[in-house]
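Order of writing sets the chain letters: A, B, C, D and E. Residues in each chain are counted from 1.
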Amino acid sequence: MSSAKNQAERIKEISGVNPLKCMKCGKCSATCPAFNEMDIKPHQFVSYVLNGDIDALANSKSLWKCLSCFACVERCPRDVQPGRLIDAARQLVIRQKGQTGLAPEEIPELLDEDLPQQLLMSAFRRYRR
Amino acid sequence: MQRIGVFVCHCGSNIAATVDVKKVVEMVAMEPGVVHAEDYQYMCSEAGQAKIAEAVKEKNLTGIVVCSCSPRMHENTFRTAAKRAGINPYMVEIANIREHCSWIHKNVEEATEKAVILARAAIAKVNLNAPLFPGESRVTKRALVIGGGIAGIQTALDIADAGYEVDIVEKTPSIGGRMSQLDKTFPTLDCSACILTPKMVEAAAHEKITIYTYSEVEKVSGFVGDFTVDIRKKARSVDANKCTGCGVCQEKCPSKKAPSEFNRGLNTRSAIYTPFAQAIPNVPVIDRDACIKFKTGKCGVCEKVCQAGAIDYTQQDEIVTQKYGAIVVATGFDTIKLDNYDEYAYNQSKDVITSLELERIMNAAGPTKGHLERLSDGKHPHEIVFVQCVGSRCSDNRGKSYCSKICCMYTAKHAMLIRDKYPDVNVTVFYIDVRTPGKNFDEFYRRAVEEYGVNYVKGQVGKVIPQPNGKLLVQGSDLLDNKQIFKEADMVVLATAIEPEASVRQIATMLTASIDTNNFLTEAHPKLRPVESPTAGVFLSGVCQGPKDIPETVAQAGAAAVKAIGLLAKDKLTTNPCTAKADELMCNGCSTCANVCPYGAISYEEKEVNDHGIRETRRIAVVNNALCQGCGACTVTCPSGAMDLQGFSNRQIIAEVDAICR
Amino acid sequence: MQELINRAKELLANGTVARVLGWKAGDLPYNPEPAFFTTAEELDNFVYNGFCGANLSKYMIAASKLEGKTMVCLKPCDTYSFNQLIKEHRVDREKAYIVGVGCKGKLSIEKVKDLGIKGITAVSGAEMSDDAETLTFQTIYGDKSCAYADAMLERCHVCKGKEHMVYDELIGESKDTKDAERFAEVEKIEAMSPAEKFAFFQKELSKCIRCNACRNVCPACSCRKCVFDSTKFDSAQKANVDSFEEKMFHIIRAFHVAGRCTDCGECSRVCPQGIPLHLFNRKFIKDIDELYGEYQAGADTDSKAPLTNFTFDDAEPSIVTKR
Amino acid sequence: MSINNEEFRPKIVAFCCNWCSYAGADLAGSSRLAYPADVKIIRVPCSCRVNPMFILRAFEKGADGVIICGCHPGDCHYSTGNYYARRRMTLLFSMLDYMGVENGRTRVEWVSAAEGVKFSQTMNEFVEKIHSLGENVRLGDLRCKN
Amino acid sequence: MYKIAKENLTALFRLMAEDKALYLPVNNAGQVNFAAWTEDAEVDLDTLKSVKSPKDAFFPQSENLYTCYKDGKKIKIEPEELQHQNFVVFGMKACDVKGVEVLDKVFLSEPVDTFYAARRAHGTIVAMACHEPEETCFCKVFGIDCAEPVADVATWMVEGELYWKALTEKGEALTKAVASLLTETDEAKVEDEKTAIRAIVEKLPYMNLSLEGWNGDALTEKFDSPIWEELYKPCLACGTCTFVCPTCQCYDIKDYDTGHGVQRYRCWDSCMYSDFTMMAHGNNRTSQMQRFRQRFMHKLVYFPANNDGMYSCVGCGRCVEKCPASLNIVKVIKAFENQGGDR
């Protein structure tokens, strides 16, 4: 429990998000392009962190389904920024596992001229810490 | 040197049980300036007050210190007693040896020692007290109401009914305000015009009310009871005395492409126009930006068709200067601009509208003659989505942090009206919370759901995507089902946040009334003085103070009127003598004090002074005693100490500090 | 310098100005004094060189009361003071014809003497015309020299820049002489322990002789009657009887100009005991910048000063214990 | 419980605004919420009336601690006074800290008329703090000690 | 004539401080001023001029006169004790010594200032010749020889050794007290040093300053001169010149409420201050020009008029160095000289 609490604190710290600001309007979920792929929905992310249920979050599919498009961050009326929470949770998990999914050396061969820069950044966000 | 009498109260045993009052008397008798010291059971009693009077007479006292309960309790009692005994009431100081001493300490020695110190501080202060005299200022028995909406009209009517002259200044060509744009009102669903128009007519006909429409407040000077206001009557180009309001000019006007402000720009109007049929006064205005005559010099159709000869292209703006005793601000609200909310596609699709625009569409006098139709193609909609909290409750900087308060109810109203009139239309409302505190409000909302089958979805809309087929794809969430919803709608109605009318900023500056970060006018006290501005003589009516619905607005309008009447009923105002005062010879004229004065009580004069033989003209701060409330902000901001507060002067407070620390 | 003199003569001759406020050559090579010139002949004594450190804006308070305009020579940093005085209605912009003069850093004779150079009879390298890196002194103890920058006033090492904030015309070029961090000294003290801080200030303030030079030279301290000369606060003391009076004086002096001080550095320049008085003012500036947003007094004439302004969510005073 | 002369008995000046904090102190009194007698209250109309010179003066004359109490931000009777006070006091306290004066000797607390408990608690805390700091030697005038 | 090696000076100071207070130039936070000697004081005998003159030793910037306090309803008065401990002021320069002579004229003539007189009686002055005079010096103009100071003891610092010569009884007594540390020597080195100093003095820029026309008789002519109107303009009205001056003698008397009583003390005043000689009705000098004029008229006209022609300026040049506006007595004298005074 206390470690879950610590983890929740850690997520808040990494993301800079205060989940208490959430007014539960659901605009994040309303706006999320990956909503259907997710087991835990963006708005739930906020309450999971709030309630310290980090294990569930860490084991969720959602963590890896989030596109980091930041639409929720952009549209959240309360500046809660659920996308950053997800990002932070992902980071936490990766750190815990001590893994890093993407090495910079691998980039050149993966590079495709048509690949949008944003995707590359997004990939970095997700696979490398 | 003062001749001070010290009176130590036992307050029964309240003080005497913990403080050795005899010892206090003995100790204070040795203080400089003290010529008399005694104790008594109850100083506040008739007998106690008589003792004070007696000592004043016998010992020729010039100052009084009462060691007793809190000054908040009996300062006035003893001031009055002093006045009766023939000394200035402001020569009295209280040492609070009950609440601040006997009641909180148990050790007699300690409490007695503290009581002596508190008494010494009061004595040290009285030694520096000077008689103060409350000033008087006259009251002009006339009120100004800024804004001619329902708030302004109601305030004006109430003040006028009490027998005082009232002027309404309205910047648009007609009074009526936002309420005149509404179709129906909640929760009774009665027609807005039906209840508003009679009030407009009454105001126009009232012998005590003068209405200045198409006019703006240009300048305000003076202070409570004695404001002087310049009102700019913008050139109407129509002689109001001659115009019969026949309307022919509007019919014949060849320029009909100006967007109609009244209809929120959903259709157009002629260059010469009255905003709506029931406008008061029923005198049109020429919009000089749209008028062909003004633009090209050619045309003059209205002049030709006007049988009354009322058209006057040469009319100029006119400044009316008038004196007022009280000013009521009733500037109302507008909806926010939606430029920051691209996700709702408001600027992309004509079928995404605000609720206020829907009011106009639903209204028989509106752009669609009251038929519910899509503005893009005039087709009858079958699926309508309402989005709540658009721009309200946003803590990011795109919208407003507050709840606009009225949206939940008017959305329920709209949904209900649509379902009633067009049962074939499906109505979905996306909400975050439904807030319905108010008499019959929740019942109203439940009826919309239960009787009219309005589909309420708990969740927000994330995006509205205009489709090639002309429909609007609404992407929202349903938090209860934990689903994302995609709905094809024909129309989307946005419950847009409201904000104070933009002009209120300027008006607040002119009135030196304070304004909060959202541009709402600040009340003098959020709970106890909700309809007064901190600036004396300025009152607040309606939404300019905070979001409100119609009944609340009317109630506040009445309350503001009563406060104004209370002021106008007085012949003279007594001013608090504990006001700031600038030492002419020390003042630098730097304006720093005026910058912190919350009441605009400080002005500057070019004044000739005689500074030890040197005569020169200097810029000097002058405090208006009628406006100054005595907070002292200016005294600390003044580096030289030229500005001081009477009754709490620098030297007095320092004397107290010294007495306590010695 | 000659360009300045010529222009001054021209302005006097064509009646634009009634007098010129600048510097007059002193009787030693390094002591020019502020002076008013009313004729072309007088202007032959006009001088403008590295030793003309005095900020002339305060003299404009008196000059604003005189008939006609005054041509005043202001260095870039002086113009901040002038703006601040306009803001406080102490000078009349209409009465001033401001010539923004170039500045390449001003010199401190105290610093020169600290370098062991004494008995000075002539100086070269201090003129505005040449961009000398070195100052050369003829002294009765032989020729000496030092780097220009080593003789510069402290304030020039944290120069606010070469832009004039207000002027009617500009004559001469300026150099940004900034080569140190403005708040470095303040930060150094902030990092000390309370006992060290106390010892530092106690030592510095123990030198104070209450001559009031810092106050009287300060363009922000322009009160007709200073609170320390007045009976209204029972604070009129002339003596350093006990260490407290200096603390009271210097804290309040700095507090009264907080948010108004342009950091012109005159207080430190004139202190006969070399007390780094700017450390007080700059502490307030640093706090204001950090707590209420960057603010440069005198950068304009209409912004709200930090101490006559507020926001609803300003820091609480307890922040002091938390930092 | 008699007064021991050897014991350090701090002198503490509390500036209280008339509308909130002074009333809060009254409430503490009528609720019999004790705090040490070392605290002496000076009534001012508003916290914005407190001149930094008053505070320094108190220290000069021998005070060991000075506390300023006003209405909560937003509740000022004069609407904005405490906002100005807040900035002034923040800067003053920061300067005192900078000069090496122990920073617990000064304090600002917002106490409403309803917060008798808070008033009493605050004063208890403050006196305790001053006790832990001991006598004010860095800001006092030696002439005032005896 | 005696001498002592520079490295033994600390021992000398320690010995003197055994039974006397010792004041000498000490560097405190970068500035040299006369201060009491302590083991860890940073003594600086090389700096030519202390910022403040050493007149504090005899006429402190502030001193208590008496204290009143309340005893019940009565008021008691307790006078301040007079100086009773012997003290030494070490390292005063010739001009500063002359400054004390000026102060003597003021405080020792009737009515005698007892506080000052007590200090003079208990103080021994050890003066030091100016090894390297500077461009701001003009003591010679007032007939002072900085190569040969006249005090209780005169000293010279030559090649790492301090030469010591007692000139008065007090000086002899002090010499006796420290004799254990001194060794006898001849005056040859000192004579060379004097010559060298005098040669430098001749080269100083102010040495030819003429005081012609400045005397007690010049009152009206100088007082009414229009030159003052121009001269005073840069003056900031600070008190720097007066507070660093070895001869300024004006003081103010003030009360300080300690909470337990009232201390009456005196402190230096400055004629530059707007409240100088302020009385109940106001001030008899209403403008800064008048106050500015007062300072120089006093030093060069009023004082000589009342003191057998003695100027109350000793040419130490401190005001030349310290005036924030670069004004000073030399510029005043020169201005009158250049413009004929009564233009």
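Following the convention adopted for this analysis, a residue touches a chain if its C-beta (ideal position, glycine included) is under 8 Å from a C-beta of that chain, and two chains touch if they have at least 3 such contacts.
What you are looking at is a predicted structure, and each value in this text was computed from that prediction instead of being measured.
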Would you identify the groups of chains that remain joined by contact if subunit B were left out?
A | C, D, E
Along touching chains only, what is the step distance from subunit D to subunit E?
1
Using the touch definition from the top, list the chains contacting both subunit B and subunit D.
C, E
Have a look at B-C versus B-E and report the one with more C-beta pairs in contact.
B-C
Farthest chain from subunit A, comparing Cα centres?
E
Average the CA atoms of each chain to get its centre, and name the chain whose centre is farthest from that of subunit B.
E
Taking each chain's centre as the mean position of its Cα atoms, how many Å separate subunit A from subunit E?
78
Between subunit C and subunit D, the Cα-mean centres are separated in Å by 37
Mean-CA-position distance for subunit C and subunit A (Å)
54
Intercentroid distance (Cα basis), subunit B paired with subunit A, Å:
45
Quick check on subunit C: which residues sit in contact with 2+ other chains?
225, 227, 233, 241, 307-308, 312
Multi-chain contacts in subunit E: which residues touch at least two other chains?
256, 258-260
Okay, what are all the chain pairs that touch?
A-B, B-C, B-D, B-E, C-D, C-E, D-E
Sort out for me which residues of subunit B touch subunit D in the complex.
70-73, 96, 98-101, 103-107, 109-111, 113-114, 117-118, 121, 514, 522, 524-526, 534, 578, 596, 598, 629-633, 635-637, 645, 648, 650, 653-654, 656-658, 660-662
Residue positions on subunit E within touch of subunit D in the complex are 256, 258-260, 263
Along subunit D, where are the residues that touch subunit E in the complex?
61-62, 141, 143-144, 146
Subunit B-facing residues of subunit A, complex:
21, 23-32, 35-36, 41, 43-44, 71, 75-79
Of subunit B, residues touching subunit A in the complex
343, 389, 393-396, 398-399, 432-433, 458-463, 475-479, 482, 484-485
